[in-house]
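Naming follows writing order (A, B, C and D), and every chain is counted from residue 1.
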Amino acid sequence: MTLYLLRRLLSLSLTLLAASIVVFLVTEIIPGDPAAFMMGINADPAAIAALRSELGLDQPVAFRYLNWIVGMLQGDFGQSYTYRVPVSELVGDRIAVSLPLTLYALALSTLIAFPAGVFAASRRNAPGDIAIMGVTQLGVAVPNFWFAMLLVLLFAITLQWFSAGGFPGWDAGVLVALKSLTLPAIALALPQASILARVMRSSLLDTLDEDFVRTARAKGLSRSQALWGHALRNALIPVLTIVGLQFSFLLAGGIIIENVFYLPGLGRLVFQAISQRDLIVVRSVIILLVFAVVAVTFLVDIAYAIADPRLRRQRR
Amino acid sequence: MTNFKTVTATVSAVALILGLATMPSLAAQTDITVGMQLEPPNLDPTGGAAAAIDEVVYANVFEGLTRFTADGEVVPALAESWDISEDGLTYTFHLRDGVTFHDGSSFDAEDVKFSIDRARAEDSTNAQKALFADIQSVEAVDAQTVKITLSQPNGLFLFNMAWGDAVIVAPETADTLATDPVGTGPFAFATWTKGDSVALEKYAEYWGEAPRLDKVTFKFIPDPTAAFAAVMAGDVDAYPNFPAPENLEQFKADPRFTVIVGSTEGETILAMNNKKAPLDDIKIRQAISHAIDRQAIIDGALFGYGTPIGTHFAPHNPDYVDLTGQSAHDPEMARKLLDEAGVSDLTLSLKLPPPAYARRGGEIIAAQLKEVGITAEITNVEWAQWLEDVFKAKNFDLTIVSHTEPMDIGIYARDDYYFQYADADFKAILEELNKTTDPANRSELLGKAQRKIADDAVNAYLFQLPRTGVANAKIMGLWPNAPTQANDMTAVYWVD
Amino acid sequence: MSVLSVRNLDLKIGRIPILEDVDLTLDAGHILGIVGESGSGKSMTALAIMQLLPRAARWTGTIEVAGNDVGAMSERALCTMRGRDVSMIFQEPMTALNPVHTIGDQVAEVVRIHGEAGRRHAHARAIEVLGRVGLPPDRVAPDRYPHELSGGQRQRVAIAMAIALRPKLLIADEPTTALDVTTQAQILDLLRKLVREDGMGMMFITHDLAVVAGLADEVAVMKKGRVVETGPTRQLFRQMRHPYTRALFTASAHVPERQPRIETAATPVLEVRDVVRDYPRPRKNLFQAQAPFRAVDHVSLTVRAGENVGLVGESGCGKSTLARAILALEAVQAGEIHLNGKAFSSAGAGPDIRQRAAAQVVFQDPYGSFNPRHRVRRLVSEPFFLMPESPQDADRERRIGKALEDVGLTAGDADKYIHEFSGGQRQRIAIARALIIEPSLIVLDEAVSALDVSIRAQILDLLAGLSDRLGLSYLFISHDLTVVRAITDRVLVMQAGRIVEDGSTEDIFHNPRHPYTRSLLAATPSLAAALDEPSGETVET
Amino acid sequence: MSAPPADRNAEGNFLGAALRHPAFIAGLVLTLLFVGAALLSYLWTPYDPTRLDIAAKLQTPTSGHWFGTDHFGRDIFSMLMVGARVSIAVAIIAVGIGVSLGVPLGLYAAAHRGSLLDEVVMRGNDLIFAFPSLLLAILITAVFGPGAVNAIIAIGIFNIPVFARLSRGAALSLWTREFVLAARVAGKGRARISVEHILPNLMNLLIVQGTIQFSLAVLAEAALAYVGLGAQPPLPSWGRMLADAQTFISLAPHLALFPGLAIVLTVLGLNLLGDGLRDLHDPRLRRART
């Protein structure tokens, strides 16, 4: 197990290294000069040049790459070109929105998907199952930004139950903050919940076909006892993978939803940074997101080992 | 003290009567949330070009020697008054007394000298360095007097000093203005929640008339739909530059809101690359101008808000000459001109920056050009790309952009400007204009300049960008127009 | 007292009849053997008794377990019945246990859910029961997980769960089919002991006549959903009133006629010298590599022209690995393999394709051996690839037709797809494919193990005939000693990667020298022996 | 008691089963509807979808304009028809890129299991998977400029590892099947076996996954177009129609309704089709239904 973890850690760092090169190169060839953007349409060329040197953009590529990497290893993500504050500070502010939103959406998605999937699986091909599967089929097909628009139209504009967006900050109180994240979290969670419910159902159905479930039934367990006591834990393994993937997807994938609800989250930070050519922010945030994906995969692997004793001992 | 008490008592009494008469409920609200489309990248108006900076801090946090009023007039600000020498080269500014910066330090002539010298220095990152180009020297005569000497007369100098890029800052705080702006205005910077909002608070020691609001929050909502929803839901109280004109009808119909329609300094043009074939042929440029139906663009892209223009000049300016008839919508004429120029199957690139007027206007223009046989290939670009590709590399045929700086007809005299006009005759007119201070002569020269660029069909002049805002009906004192990019909150208040 | 009574049981799944008019009775303390080939409905009968039928199944008739009519019972009552009054053991021990629970918990669960004891007491009971089935806590701790146990041990756990509450009826559905013979013998002994001690009735389902003959008091023979004959074991097998019983009996003991012509003088077809095959094992930790697993350990063997050589051993002994090495499908770590006197190895670019033509193979699984997307013509002619000038057009057709006719099919079958054939026919096609380029050696890797006895007998006849007629050599790999005895001239016994005994078939079966060979032979159930013995018991090993 | 035959799907049987599978039929009908609309749009649309008629803007559905007109007075029905073309073309080519690069890579990696290239392919896949896809797509289009072609590239890149992983995984298990061993005994090389034996047996899987990826690509194209990075005007695109419709949501909801429904129904159709194909190819499920 330790060896396995070490190997995974090594491959994790290699992935990050490769990702850092890719991201750096892509942001390097992106057309548009950050300094020119910042100084605007009537700017004096000399002023742009002065800004370029102030931002360190006149240094050679390799030097800037190493500078960035070494800085990151020391926990210094550099300074935002546009905001002129440390990237880490900027990212910290945004994570305070994106992470809770992600967790909120993930919690909603799991809370919806779990019972729905179990219910559907336990009533295979019965009307309840077919109804749930129909709804999830629809949920998967709905683009979340469209769904978000409809939510705003209904709950913010027409009913005025929720504000149409924005984030008052955690200082405004946890409940207030959570309320402002509710519509976005629902918009994000619905398609994810649909996917998860489907995975949950099919995984559970597969497990219910396993011999050991039949054994459990032969022991005298009722259908639902066998489902909860024996099938569920085994069925959770593929579900865990999806939950892990969804976490990383939601963390980065909220961009459009963040735009619809004008939430100051990570996705919008990058989106904005791309259009403003705040390349250092783009790089650092993407690397951070890659790190999150890799780290979550790693955690999911550990979770596997906990869920499945067969993996606890040795694993290649 | 006694005096004060009396005043207070009187005020209270009056308020009581008024209150009984007009407002049975609570006292008026003293905080406001103002929606803006773009978040400023930083809050230093002397170190960045973004309009959003001025929209937050101009006249609220920072002030210059002079300032613009709501109708575009240049009036004294930190300079109480000034004397101009006979030759128009020396300006002596008499500064206001009792002005303090928000950090408590006092304001004097040294701060003015520092600010102006900083802006025109070699390594300055001031985006509008050109404003200071004619300044030869700045001298602090005494604590309340500053003498500025110009190298040549400049009729626009007081106007220039009213710009946000020319505000006065203190040397001690100059380096941190980007994140912690300290100025002399009626509001002091309080907090900045990045990606969401900037909050300002009333500055108790303000030299002038105290603002009626205690707190102003600028909330950044880039998405027009979100903006609509935010206004509808009451998340923002006012959105002075509302990005979706199509929604204004709904606001008009709703008694909770007032719609404020004003003008801006934004001449919106279909810019053409004057040195790139085939657009170096005036006939083709004229053909394009005639192919365009301005009213259709205004109706389709701006839902009827906006004034057609026939040259690069703001219609609300007294010196404006209406030349729209000269390039009236006439597809027949356009086709004829194209024939005369001997081109057929013309394909031109049309690069569109992000604002809705450009993206929507572009689609309409492409359709209109198609009617006369010109294919416009649309590419939507971001600002960064536009600056690099269009503005710097001049790799374009057509583009749509709104030139929002006030009185910017001078760009037609610039060498190497992106639409590459820089006609010698036009430059001569401008040179003369700069030397002229007499209003009548100036007016004539300005007319001449307007006619010249219209005659040459440098660009297709579309419309003056409107400023369409929406606000809670109980809010008073918002600027209807935008003589500069600003949201001056000094005179804003709530009624009940 | 009767613990099981099934009368007039008819069962359909959808519209397909599965069981027709099945009658069975079983008394306490007795063992009822149910024998039949695949598809005879024996498992479905068991599931009907348990009421664990597929959803689409509908049945009529009467099923009484310990005097209770299961048809009249609610699902709740059935749950109470299952595990307490009647319990069941399934065929596949590898998948029958929940991989994420400890064996102790799984046994204790039976006690717990039937309300017999609280959590702690249930655990104590579990340990006690595990002890009864030969898994005392000092040898196999109850907190072990199923994957840490061998197949035999897992089957013991399954038995422990089944007998924890001393049910009146135990249904065992092919409980030893997936096990090696020695393990099978132990499990059978255990079951027999438990039946005697607890006085329960056991319904034992198997396809193996020898097993049932040695175990059951009564036997029911099933065919296509019907019970064709039933009666006390010895009486039934002595009399064999029903022709099907007779056919089964004959097929089980079938020995094909052979006239082998072994050329001792010529170069051996296959010569294996000191071959070693290692598999790397995962590292123990970062600094310490684990010694590789040696699947084949210095094995040498020879197969002469026309000779049928058997290779027997239990699962995991390395016989299939050896087969793959002989076919140059896997590299060897040491030793040499010679085919018709020339070195044959997968090293470098692999063996010359012409040389490959000399050795062909038939695998165990008649369903997995063919690409389902190709027609038989293409499947059978695939080895033509090995010929320098593969036959074309009419010649090709002729040879494909001949190969199919050689194995008892017709030339017209070439146009069909593989799913149109039964398991036995598929195995014939596999043999045709091996034959078509006239190899000198065919490796038969458990080639008849998945087949029902009657089909198996036919395929053995086919193989014997082909060998005699074409002078083919076989390397016949199997775990089944009866089959090996029937078809080979010489036998090699393999244990843990080594050949422990090598001799002529008759010699080895009559006079085994190595203790492992002896234990294998002793554990192999024998129909003749079972019927000759005075009581239904074999010697404990 | 041998395992049930895994490949008992004669073609006639397949058709019969397909006709009894309502979800499959629904999926097929929806998919054909949109593909048909896309194809028809080359020949005929009710109106020229690029013709503006500002005076007739924001009309609600009438008999003249079945789905109403947009903010420029264009006919929404015509735009949806041409938009289907864009969505389908982008999705087909993007998935095509994924299949044509991913499948060979996966097959090669499986055939040379444990080789350096296998390792490189798999780590490369991990790398692509680790990137936040939408962000990277936005970045890619920021580099190359917006447009349908670059949207295809951006979506295509993320389809490569999907198919590489899928085909490698499935191929690995096929490599242990006895018919592959038999082919090796027949002297066939890895490449030949990959093409003759592995690939045909992957087809079902690839068709099912392809359908699902196709629906995801339609969604991805819509998302990219929504943020302005898909096909450029005047070519209509569903995602951009939604983006344009956004500010009209309370004024003229039909502007957002119809393109949204078009996306939902297309994706739904493809998903139902994919699920149906999977059911029909999985004999276990097929038996359970019949």
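Convention: a contact is a pair of C-beta atoms (placed from the backbone, for glycine too) under 8 Å apart; a residue touches a chain by one contact, two chains touch by 3 or more.
By chain, with names taken from UniProt: A, D = ABC transporter permease; B = ABC transporter substrate-binding protein; C = ABC transporter ATP-binding protein.
Quantities reported herein were computed from a predicted structural model and do not represent experimental measurements.
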Task: Each chain counted as touching subunit B and subunit C at once - done: A, D
- [ ] Report which of B-D and A-B is connected by more C-beta pairs in contact.
- [x] A-B
Task: Rounded Å distance between subunit B and subunit D (ABC transporter permease), as computed from the means of their C-alpha atoms - done: 47
Task: Inter-centroid spacing, subunit B versus subunit A (ABC transporter permease) (mean Cα positions, whole Å) - done: 40
TODO: Measure off the straight-line distance from the CA centroid of subunit C to the CA centroid of subunit D (ABC transporter permease), and report it in whole Å.
DONE: 45
Open item on the list: Please tell me the distance, in whole Å, between the geometric centres of subunit A (ABC transporter permease) and subunit D (ABC transporter permease) computed from their C-alpha atoms.
Closed with: 23
Task: Multi-chain contact residues (two or more partners), subunit B - done: 223, 225, 228, 232, 354, 382, 385
Task: Residue numbers of subunit A (ABC transporter permease) (touch at least two other chains) - done: 31, 149, 152, 157, 259, 274-275
Open item on the list: Judged by the touch rule stated earlier, which pairs of chains are there in contact?
Closed with: A-B, A-C, A-D, B-D, C-D
TODO: Using the touch rule from the top, collect the residues of subunit D (ABC transporter permease) that touch subunit C in their complex.
DONE: 1-3, 5-10, 177-179, 181-188, 196-197, 200-201, 288, 290
Task: Footprint of subunit D (ABC transporter permease) on subunit B - complex, ascending - done: 223-225, 228, 232, 244, 246-247, 249-250, 296, 299-300, 354, 359-360, 362-364, 366-367, 370, 378-382, 385
Task: List of subunit B residues in touch with subunit A (ABC transporter permease) within their complex - done: 39, 41-42, 48-50, 122-130, 178-179, 193-196, 219-223, 225-226, 228-230, 232-233, 235, 354, 382-385, 387-389, 391-392, 401, 403, 405, 408, 411
Open item on the list: Quick check on the complex: what are the subunit A (ABC transporter permease) residues that touch subunit C?
Closed with: 2-3, 6, 210-212, 214-223, 225, 229-230, 233-234, 307-310, 314-316
Task: subunit A (ABC transporter permease) residues within the subunit B interface of the complex - done: 31-34, 36-44, 46-47, 50-51, 54, 82-85, 90, 93-94, 97, 149, 152, 156-157, 160, 163-167, 169, 259-262, 264-265, 268-269, 272, 274-278
